[in-house]
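Order of writing sets the chain letters: A, B, C, D and E. Residues in each chain are counted from 1.
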Amino acid sequence: ADLEEIQERGYMEVATEDNYAPFNFIENGKAKGFNADFEIRQSILPWTGLLAAVSNDQYDMALTGASVSDERLRVFNYTPPYASAQHFYIKRAGDERLQSVADLSGKTLGVQAGSVLLSRLPELEKMLEERGGELGEVVEYASYPEAFADLANGRLDYVIDSAVPVNTLVASKPDVFAKGQAVSGAGYVSWPIPKDSPELLAYMTDFLEHMKETGRLAELQKKWFGESFPNLPDEPLTSVEQFHELAGLDG
Amino acid sequence: MSEANTSETAAVSIRHLSKSFDDVEVLRDVELEVKTGEVVTIIGSSGSGKSTLLRCINWLEKPDRGSIHIAGQRIGVHDDGRAMPVRELAKVRAKTGMVFQGFNLWPHLNVLHNVTEAPIHVQGKSKREAEALAKALLDKVGMSHKHDSYPNTLSGGQKQRVAIARALAMQPTVMLFDEPTSALDPELVGEVLAVIKDLSAEGYTMVMVTHEMAFARAVSDQVVFLEKGLIIERADPETFFTTPKTDRVRKFLENHDTPSPA
Amino acid sequence: MNASAWQMLLEGAWTTVWISAVSIAIGVLAGLVIALIRLARIPIVDQLLVLYISVARATPLVTLALFIFLSAPDLGLDFNRSVAGILALTLNTTAFNAEIWRSAFRNFSREQREAAMATGMTPWITFRRIMLPQMVITSLPGLINEMSFLIKGSPAIAVIGIVDLTRVTNRISAVTYEPLPPILVAGALYMMVIGCLIWLQRIFERRANRLAM
Amino acid sequence: MSNWEILWQARDEFLIGFWRTLEIFGLSIAGAFLIGCGLLYLLEGSRKRLTMPLRIFIDAMRMLPFLILVYLLYYGLPSVGIRLDAWWTGVGALAVYHGTYFAEIFRSNRLTFPPGQIEAAKAHGFTKSKMFFRLILPQVIMQTRPLLGNQLIYALKDTAFLVIITVRELTAVANSLSSTYFIPTEAFIVVIGFYWALSVAMEIIIKQCGRFSAKRGFDNV
Amino acid sequence: MSEANTSETAAVSIRHLSKSFDDVEVLRDVELEVKTGEVVTIIGSSGSGKSTLLRCINWLEKPDRGSIHIAGQRIGVHDDGRAMPVRELAKVRAKTGMVFQGFNLWPHLNVLHNVTEAPIHVQGKSKREAEALAKALLDKVGMSHKHDSYPNTLSGGQKQRVAIARALAMQPTVMLFDEPTSALDPELVGEVLAVIKDLSAEGYTMVMVTHEMAFARAVSDQVVFLEKGLIIERADPETFFTTPKTDRVRKFLENHDTPSPA
């Protein structure tokens, strides 16, 4: 629904997740995380159905750590990014075989099914080919906790996830996991809003602008992501071309 | 209407009854009149249509042609050819009590409730009244000591006696028995026949299919012989068993009196 | 796992239980009604029901739940998610239950039904007093089996955001990065709930002996 | 590009997923059937010492959700040093899980088996195994046909849970397509179509088998 | 060992047989010797232990005491008291052919396969050989035209005749019949009794429990009367039926010759 309707209703219905730390998760029974500090009526949905539900107008927007991708831009506009989604690999702590991206050649990789990370694997593939290697077997998981479990027990050699969750994971289990190097170009995390709500997009863009100016955004980023991302674009993302240009894709 | 007149005096009056299954005529133009208090036995070889005739009487089987009156009231269809609505049919049916070869007690109810079920839920009797009647009837068939047993714990003869009490509990105009003893062990046959004999002595109107010739001879007022759906002989038992008119009956009786190897 | 994790697990178990219970209750009754309607063999209606039963049985629950939740607004319906979840479970279990009831009808002893008619019972009284009490006992193993499948399949409704027992384990492991302990606890809770059903079935099995004549 | 066009372009993935579902389903129900028969044989006239643990095992399986069984086998066993391959874990778990269901279905039917037939077999000098395989098993299978049909449908639907252990079967393909392009409605209509076709095929086969047993008076349908 | 000697000449030799169910003694010290070619009929009232005695002969029921030899070979236990292993027991059992009251045909096999099943899978005969034998036996009982029918399509009399052929197919030393006609309609009894009569004429050894007195009289060489597990009378049929020694038998025969209401 567009802004007018929302104002009439008096509240905004947003969809959010419950198991994607540190963007959204449940701790001690309460919704926590970066996004939860806004006061908005929210519904928690699993990732599988979340974007679909927003695209079907079940919700006004997805208040979640959604990475920007070509496919999603088909249906959604994005507010200006609030976090980087550059992709990193994670390995077992103490796995000496993996020192750099080149060592990933031929190793088994775990990634979430249907995620942006999967769709940007060609970048890693290119990097490996440039170094004379090749992409190993790719195993797709329904969600990340299982992928991490398999990394820990040795079924996988590495898992790819975006910067923010990687930081959180490694911080909470430093003796099990270790952060590797970047395996993609720039990426962004922001909130998707259906393409048929341009006014809502403008409204949310203003809102984020305001947050940035007051320094509140940086505060929240620091609190939840461990770093503030000062170099993110300021305009909303509305087309594939714009995204590619910003992220330096298409070389 | 002469038809209505005769049936008013009779407990059961069957006219021009015909019935086919898949083009096979099982009953052909059967006529039978059972007076109040009379015991009629139907005999005949297997497949001759005895069960079908009995089941037509209470409309478990729908005849193709003909009419059946029970205590003067027509069953199944109205005189103008309209089919009877189910409620009305159920009411006429309740005037007949049927006892089956396989007992067909309701296994989820105990003996007492098997007997009171229909009086309470069909006739709308009070529970107390129905139970008093049921106990009296169970006493009559010698089963009152088993009133709270479930059917699966009874012997065949006991089951059949409960089934008789159940049919009697509706206080029917006429009792119908379809080979009530043929599923019983030889030694249990006696107890059931004794109960039926008592009923005949008390003046109940009964129509019975049986293979027990000696018994048929002892209790019947009228014996009817069915062959391929036709009544080929009817007589009082004395005449029937001693001087049958047709060869067919003579042969049948020979086979049945002393079962012997072919 | 800390105390709050346990509390979340118990709350999840409660959600699973009440949503399943409502769906089971509706599903058992609706199945019976459908079985009854199918006995009447009303032309088109019968074919539609056959189609419904066949599709509903084959459709995975996840698919059905998402489908209902996402397409409800298109149909102008406004479901809250519990209703959508219950609807998905019910649509699924009703189809199975309808088949169970129908086979109970078809296997019901013709002789007993005739005995009832012969005493002057109308078809409705015969159904209510003679057939139903026995059909409940004979179909119970099948019905309980289906109930246990419903409970076991209920994690599927998490996809529309219902926080059931399985979903809670995901939530816990997303923070602890240790999926195993909550899964073990959840497994035990499921076994307790379904164990109760199986125990119930054993009790009824004893009564069923009476019907074996 | 319309949603349907996206799906059409992904048709190869769908077919591969469908084929994998078929493979898993076929192998695992064949296994489940053998396990069911085996359990029935072990339960047949054995001592309590053997039947008790078997009954407990069967009941435990019936109480445990399949999803959790798979999860424990795949993610749980590595913690005690056993690492199974995803595909075989899936097939094995399905086979054992539904095998116990088959066994339970067979067992409850076996309880109503006419004792006279067993006696007749004994009187003719049959040994236990001959009696089981020639006389008991064929009849038990013919009589439980409708229940087995239901169980097959449950088993088919359980294959979808294998998504969780990274088996790329039909549902996994649809999930991944729908979360990449968020076109759940269309993707799932296709999936329902595939599953439905499979279960209709099964129903038809089961019905055909019904003729075989109807001839012997096992079925009054 | 005198015991072994006598049993060598007899088809069945039963010594000091006793059997209890839950403290109730059902058979007490029963002795019976059946010579090759002899027909022995066991009669007695319901519950007197007739079936139990017959079922002990092929070890379907395990006696508490006593020994049973079939064609000289002991069944169930070895002389030194060791229980027989199942395979060996199955071999001795195969020397007896049993025909049950309830037929107990295997419903998933057609008539021919019912008859060939045991010869092929127990005796290891070739399929061709077994089928040739089966066809001959089905011919003997007048059922060869039905060889590819399934049991559910047969009448009771036909089922029983197939059951007899099935038992004969094992070429047993002795045939055991437990009330082979009591589950049959009166009109089907004849055809089964005719088959059994033929067998007796051909010299088969048979032990039979029956309620058909006239038949027992016609075919038996020896009649045995059981009462509460004791053999209280045994004689040739002529003596037994005309001049019974005990009152009990006299009363029993009165009840049975003409079945009449109690």
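In the analysis below, a contact is a pair of C-beta atoms (placed from the backbone, for glycine too) under 8 Å apart; a residue touches a chain by one contact, two chains touch by 3 or more.
What you see is a predicted model, and the numbers here were worked out from it, not measured in a lab.
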{"item": "Of all other chains, the one whose Cα centre sits farthest from chain E", "value": "A"}
{"item": "Which of B-C and A-D has more C-beta contact pairs", "value": "B-C"}
{"item": "Distance from chain E to chain D - Cα centre to Cα centre, in angstrom", "value": "45"}
{"item": "Whole-Å gap between the CA centroids of chain C and chain E", "value": "52"}
{"item": "Between chain E and chain B, distance of the C-alpha-averaged centres to the nearest whole Å", "value": "38"}
{"item": "Junction residues of chain E, two or more chains touched", "value": "none"}
{"item": "In chain A, residues with contacts to at least two other chains", "value": "48-49, 52, 56, 146, 149"}
{"item": "Chain C, residues touching no fewer than two other chains", "value": "66, 70-71, 179-180, 212"}
{"item": "Pairs of chains found to touch, sorted by chain label", "value": "A-C, A-D, B-C, B-E, C-D, D-E"}
{"item": "Residues of chain E defined as touching chain B within the complex", "value": "45-46, 182, 185-187, 189-191, 193-194, 196-197, 211-212, 214-215, 218, 256, 258-262"}
{"item": "Parts of chain D lying in touch with chain E, wherever the complex brings them together", "value": "114, 116-117, 119-128, 130, 134-135, 138-139, 142, 213, 215-218"}
{"item": "Chain A-facing residues of chain C, complex", "value": "4, 7-8, 11, 66, 69-71, 73-74, 81, 158-161, 163, 167, 170-171, 173-175, 177-180"}
{"item": "Residues of chain A touching chain D in the complex", "value": "47-49, 51-52, 55-56, 71-72, 74-75, 113-115, 118-119, 139-142, 146, 149-150, 153-155"}
{"item": "Interface residues, chain C side, partner chain D - complex", "value": "54-55, 57-63, 66-67, 70-71, 96, 99, 103, 106-107, 141-142, 148-149, 151-153, 155, 166, 179-180, 183-184, 186-187, 190-191, 194-195, 198, 212"}
